[in-house]
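Heads up, the next two complexes both have chain A, just with different partners, chain B and then chain C.
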Partner chain A sequence: MILTRILRCCLVVALAGLALMPDTASGQKRGGTLVMLVQPEPPTLASYLSTSGPIGQVTTKVYEGLLEYDFNLKPIPGLAQSWTVSGDGKTISFKLHKGIKFSDGKPFTSADVKFSVLEVLKKFHPRGAITFRDVVDIETPDEHTAVFKLANPAPYLMMALSGYESPMLPKHLFEGTDIKNNKQANSPVGTGPYKFVEWQRGQFMRFDRNPDYWKKGRPYLDRFVARFVADSATRTAAIEKGEAHVGGFGAIPYSDVKALARLPQIEATTRGYEMQSPIVQLDFNTTRPPFDNQKVRQAVSYAISRKFVIDNVWFGFGKPATGPINSNFAVAGLYTPSVKSYNVPNGVEVANKLLDEAGLRRGPNGIRAEIVHDITPYGEEWQRYGEYVQQVLAEIGIKATLRHEDVPTWLRRIYTDYDFQLTNNWIQTLADPVIGVHRLYHTNSIRPGVVFVNGSRWASPRTDQLMDMATVEPDPAKRGVLYKELQQLVVEAAPLVWVHELQFVTVYNKQFKDLIVSPLGLYAPFDRVHLDK
Partner chain B sequence: MAFWRRFVRSRSALLGLAVLTIVVVAAATAPIAFSGSPFRRVDQPFLPPFGSYLFGTDVLGRDVAAGIAHGARTSLMIGLLATVGAMVVGTVMGGVAGYYGGLVDDVLMRVTEFFQTIPTFLFAILLVAILAPSIKSIVIAIAVVSWPAVARLVRGEFMAMRSREFVQACICLGMSDRRVIFRHILPNCLSPIIVTGSLIVATAILIESALSFLGLGDPNTMSWGFMIGAGRTFLRTAWWLCTIPGIAILLTVLAINLLGEGLNDTLNPRLRNR
Partner chain C sequence: MRTGTGRFGYVVRRLLQAVPVILAILALNFLLLHLAPGDAAQVLAGEAGSASPEYMAQLRERFGLDHPLWARLLLYVKNMLSLNLGFSFRHNMPVLDLILQRLWPTLLLMGVTLVLSVGAGIVLGLLAASRVGSWRDTLISILALISYATPLFWIGLMLIVVFSLKLDWLPTSGMETVAAFHEGWARVADIARHLVLPAITLSLFYMALYTRLMRAAVLEQAGMDYVATARAKGLSEGRITLTHVLRNAILPVVTMAGVQMGGLLGGSIVVETVFAWPGLGLLAYQSLFARDFNLLMGIFFLSASLVILVNLTVDLLYTFLDPRIQAA
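What follows is the complex of A and B.
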């Protein structure tokens, strides 16, 4: 009896509570400040000039793209509400949402799209020259229609229109200025859910809610703050204590992630990096002995224990890689696991046999060859990984000396002077193989001075041809066939060792919901993030 | 023999000598006791100490005890080589300046001061970064930042000696400068130089550890600073990775300092009856 009365009471209170809920479009709670740890501090906010990782983590809250993406790597509406691709694949027309304004009050129109793509991204963005190379013109029949005219079909283009990869800029603030030195660079004005307020160098950047955001009722948060903390242990402590709420892309050291994730208020996820798809590698210089010999390269690939590297250097955050294309592309039908596998249990044995066959015999001291192994200067993991490789090479009779240099020296050594034999490295294979993968294997990517391209300098006419065909092939099934052959040929030639698909981790406070909602992860606009309580 | 009798009077100096002897023995026997590379994987990672391995294993399954023994070699070698370098340069510079005085003194001391104005450790970092990390560049860097102190000390001693009667007498007798310097002045100011030298060894070990900790060590050589640097991320989960090499550095540097103090007490005539 009493129980029923209590229950009834509760029901009334609950109903009253529901009635008092704020009247927003989807009933999410409004308010709150999200503090994100960004490491390292971005050098600039000009995301249209530099693709350096941390820049995108903040600028995507201000600049949006024509499209967003779902977890199947399919485009979904962004600034464009719909689009049609012509039968020959050479015309793509975007219909823009109506009523979108930049945060300075000026309307966003198709003229801004045309200007951003043709005048800024195609000319100045590091990857824009490739992404938009076939875009010959953009027609703007009205304010809300932008028609891309292409010289050739460009299926990869549709994967590169996020706010991270191709930000849409305000023409009225950039037109007629020196794009590379525009004063807007560090006080960005965009269409996004947050407005840039201030940047205290070395400390934080503050972004406040954009009250005129075109998605009604959003964003739910009042404020977004990016904080820069140089010391990794302090970053971990900030998340633990709730002073900061989210950190990704290695901001939280892998060694701390597991301990943090055990805390009741913390969640760790590897989702939200599906459009980065990084692969941890060893790059050979395929023009110098001993690695000019395919069998020697294969031997090294056999000798590396993927499991050991993943478990002990990256604390379990990785997945063995099979070849040049990340398995994240399986949903797009571009990945195949049916290639030569180097990930075998008796790898060292196979490697020794291959080296004997290659004519690289052990000398009286058991040494077949002496090499220098360069370490990519991006942090501790890479040093541990280098030390592991050194030990494995010793087991197969290759004596490796480690060399550790600063970033510019290392980049010049690998990509300009080609003065190396073996280096560890990692490459983001990005949203489409044309943008992220071709650059490592194509003859025309052997470009001294350009970083993160084909530094191994291996190429073959057939693989070049396959990549050229896949670039212009609009049918996903046919592209899949081309890429299957490419993967088989490249893996057989082994210009690199593909060790594992690196999994970044985002650690966040559970009081925030809908943080990671797409493969863009921390590069998403955060308009849907809201507080739980 | 009198020297030894005076030396053993100090218990702390004896203690320092004992600890240092252990470190030297560990360093000398490392290739026998822990044959093969100390970077070699021996077992599962993160095995705790005092189990199947005396000091456990690290993140890549390397034997920490092997690292400590081989690291002792690195530390002592770098400490000694850098100190010898600093002593030779410092003594020559300071000696010439103190003995000849005048313009020579001015020029040499301005050069010395130039080196002294740059913060020691930052200068060492800079040098290693420019020369690319290796044992050789670390030794050079430590010697370059350590010699000015020796030069100032030796100059002071030489200036004081220069005006003493026995030196004046030597000069009056027509002895060559070289003979005066090497036969009469240098032996008389050897004791403060030795004491300073012992302290420079200790500082050199600390600088080397700090450089390795920052990732500027020779990546092919095991050292204590490297072990701490590699283990610091696991301070919460595997305490021994930082603690054991940390204790090794602490004990070695303390031992050298105690020894230096003992030498000072023994060699300094004014402190002989302390």
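What follows is the complex of A and C.
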């Protein structure tokens, strides 16, 4: 304790010293190192080749996007200071900020935008082929203007231009190289507020303040460090002791969040995940008995108590889900709660009645059917969630055996071999339904070997049509109408059980301010983060 | 054949014998690993949360997964014969670089653990055996039993709670203070502070093992005729124990320590995980789940070589500890 106090005194003296330094008006906020726990350690820093969360949490401090977003899910200026969309929705023109430089000193221009989108993201990014499929060309009339020419209107495109989803890369370091084997993958150079310094594998990555950052006076911090600690209990201890200052996306287990949040120096928040919008589900194989029968699927959906799962498995961090689109999209007018509701108090009763109607009668031992229930291998809570589902299914006469496998085996079973009946799962519905939702329900998304797409293999001509129309509909109100019908039809067909909207928690040390400032959360550039002085 | 050249010839012969052993280990590992379902491309796409079919095909082509298994095995063996450990596509880095980065933290932790556990084990075993049945013997035996029976991860976490969170003496985890980036001697001191808890945790288990082994060996030797002879000669008990019994009793401990080297790599996965120590064990564990086989095979190669080298060293050590044993 005494030691801490002495250290604190030193810190105050040091900070006072910093504050005395002549600097811009923002000088008072300057200084400090933010240590973020990132779990697991990313394999590379090639965010243009992978959308993996840990990669994005780090690279967004180096690579920026054309746009950022506010909490109403509206685009706000990023590298682009302004933009105009033509009346037919087929031309989007971006005006870039002037004087932006990459951290190696080379200027950032519209040529970099064109190269990043057409030569890298559209060709190699996991979601880029979908996001930019209608972009036929990008014109660069001058260094600060980039004009996207589209084959069809693409309203979702404006939601996919953050530094996480579509990083803007230095053309001069990629051009003429093998994009997939570029050494940028391990030492990125971007326009962002921090410069990559070193990566000690298994330990940390160090990023120092970019003194030539285009937003004058920012960032406020001297340094940003990403730390990797494989054990969850140790991560909690590191936050408690102040060795690390922030962790999100499940880095801190839900079971520890409440205890940490009780400490005076720690804060926990569920904000900053509005562009991830994950939904916890149960996925049926709709081509195999007994779940090829819609009534059986609906029965399971009725039987699950959303409240029980949220309160007991996820420690209260969640909100009942109503259907395929997350309620976070309400601000964009794309979400509707008026769908068939399976979240009823007498769910088990209704379920038993439906199963009788479906002709799935109880045998002499009270069992209607025996199934195998797969557990998604992404952490302990999925195990407990599986055990709960097993119990509920027993109440409605379905005997379930649980099966655990590791990630590659499970992915292969669900998305390549389709050798399953029922699995628990979770899907991020991302920044726009075209990017995050269509993949689970469209006929075109039944693609063996591709993960996190339509593994249930349910589809219908009308729902396909609705999704195709919503993809090219520029008017938000009309899109809302299309998505309303989609949600109603899909919820009725119940190819999945939508249990709840998963809430991630960011735990952070209160000495840092302005950490979570947008729906991008930990995927934001952190140029505004500063120490509270 | 107790000449220098004899020993040298022995080492060369043993090293040559090791080559086919290592090749066999590698080929077997390669085939076993490829029995596991799923591949690296699926894992990468799984982590990304989404991927287009074109993207998956690109990944497989780049990883060489579009070739048949036997072709990949042949290519691998060919590369290994020229000591080319290959490329980790997952990390976009040569396997050798990845392993070398992790090698010295691993050797540091293993070396300190080895010295600590063998040293403490020998001393405690000797202390216990020299007064069999006394309170000292009982205390040491109970201590050894407890450290042997307690799971490593739990010991690790409890040490963190006590020495890091409550007493605030030592850091919770990692190898260096990442916010500070010390240099020179300050860095050495910093690393030493970070080393204390993981080294103690990993040592406790092995120390218990060596204590029990040492105690039994000392007791066995104490009943030998040569001890009676030495006593009859009028040597003091202390001298008998230190110069006669100790030298003989230490052989099984040294043997065990050599055999345990492989286990030490495996056991350190738990400690590396709990203390975020950047060693090879954790890297191997992670690359298994990522199906990063090139990297995993590289680590297997290294650990197989390490075990062979250590056992060779142990065999040579015998000839120094007990001149009656010959290296031939």
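Heads up, the rule we're going with is that the second predicted complex is superposed on the first by the 505 of 533 C-alpha atoms of A that agree within 3 Å, B and C clash if a C-alpha of one lies under 4 Å from a C-alpha of the other, contacts with A are read in each partner's own complex, and residues count from 1 in each chain.
Definition applied: a residue touches a chain if its C-beta (ideal position, glycine included) is under 8 Å from a C-beta of that chain, and two chains touch if they have at least 3 such contacts.
Small disclaimer: the values here were computed from a predicted structure and weren't measured.
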item: Clash-or-fit label for the pair chain B, chain C on chain A; value: fit
item: Chain B versus chain C as contact partner of A:384, first or second or both or neither; value: first
item: Touching partner for A:343 - first (chain B), second (chain C), both, neither; value: neither
item: Which of chain B and chain C A:511 touches, first, second, both or neither; value: neither
item: Touching partner for A:503 - first (chain B), second (chain C), both, neither; value: neither
item: Partner chain(s) touched by A:406 [first = chain B, second = chain C, both, neither]; value: both
item: Partner contacting more residues of chain A (chain B vs chain C); value: C
item: Partner chain in contact with A:124 - chain B first, chain C second, else both or neither; value: second
item: Chain B versus chain C as contact partner of A:259, first or second or both or neither; value: first
item: After fitting on chain A: smallest Cα gap, chain B-chain C, Å; value: 5
item: Touching both chain C and chain B, counted on chain A across the two superposed complexes; value: 406
item: In the complex, chain C residues that touch chain A; value: 36-39, 42-56, 58, 62, 90-93, 98, 101-102, 105, 153, 157, 160-161, 164-165, 168, 171-179, 181, 272-279, 282-283, 286, 289-291
item: Sites on chain A touched by chain B in the complex; value: 232, 253, 255-256, 259, 312-313, 375, 380, 383-384, 386-388, 390-391, 394, 401-406
item: Partner chain A, residues of chain B touching it in the complex; value: 37, 39-41, 45, 59-61, 129, 132-133, 215, 219-220, 230, 233-234, 236-237
item: Residues of chain A that touch chain C when the two form their complex; value: 1, 3-4, 33, 35, 40-41, 43-44, 46, 50-53, 124-127, 129-130, 180-181, 185-186, 200-204, 206, 223, 225, 227-231, 233-234, 237-238, 240-241, 243, 406-413, 415-416, 427-428, 439, 447, 449-453
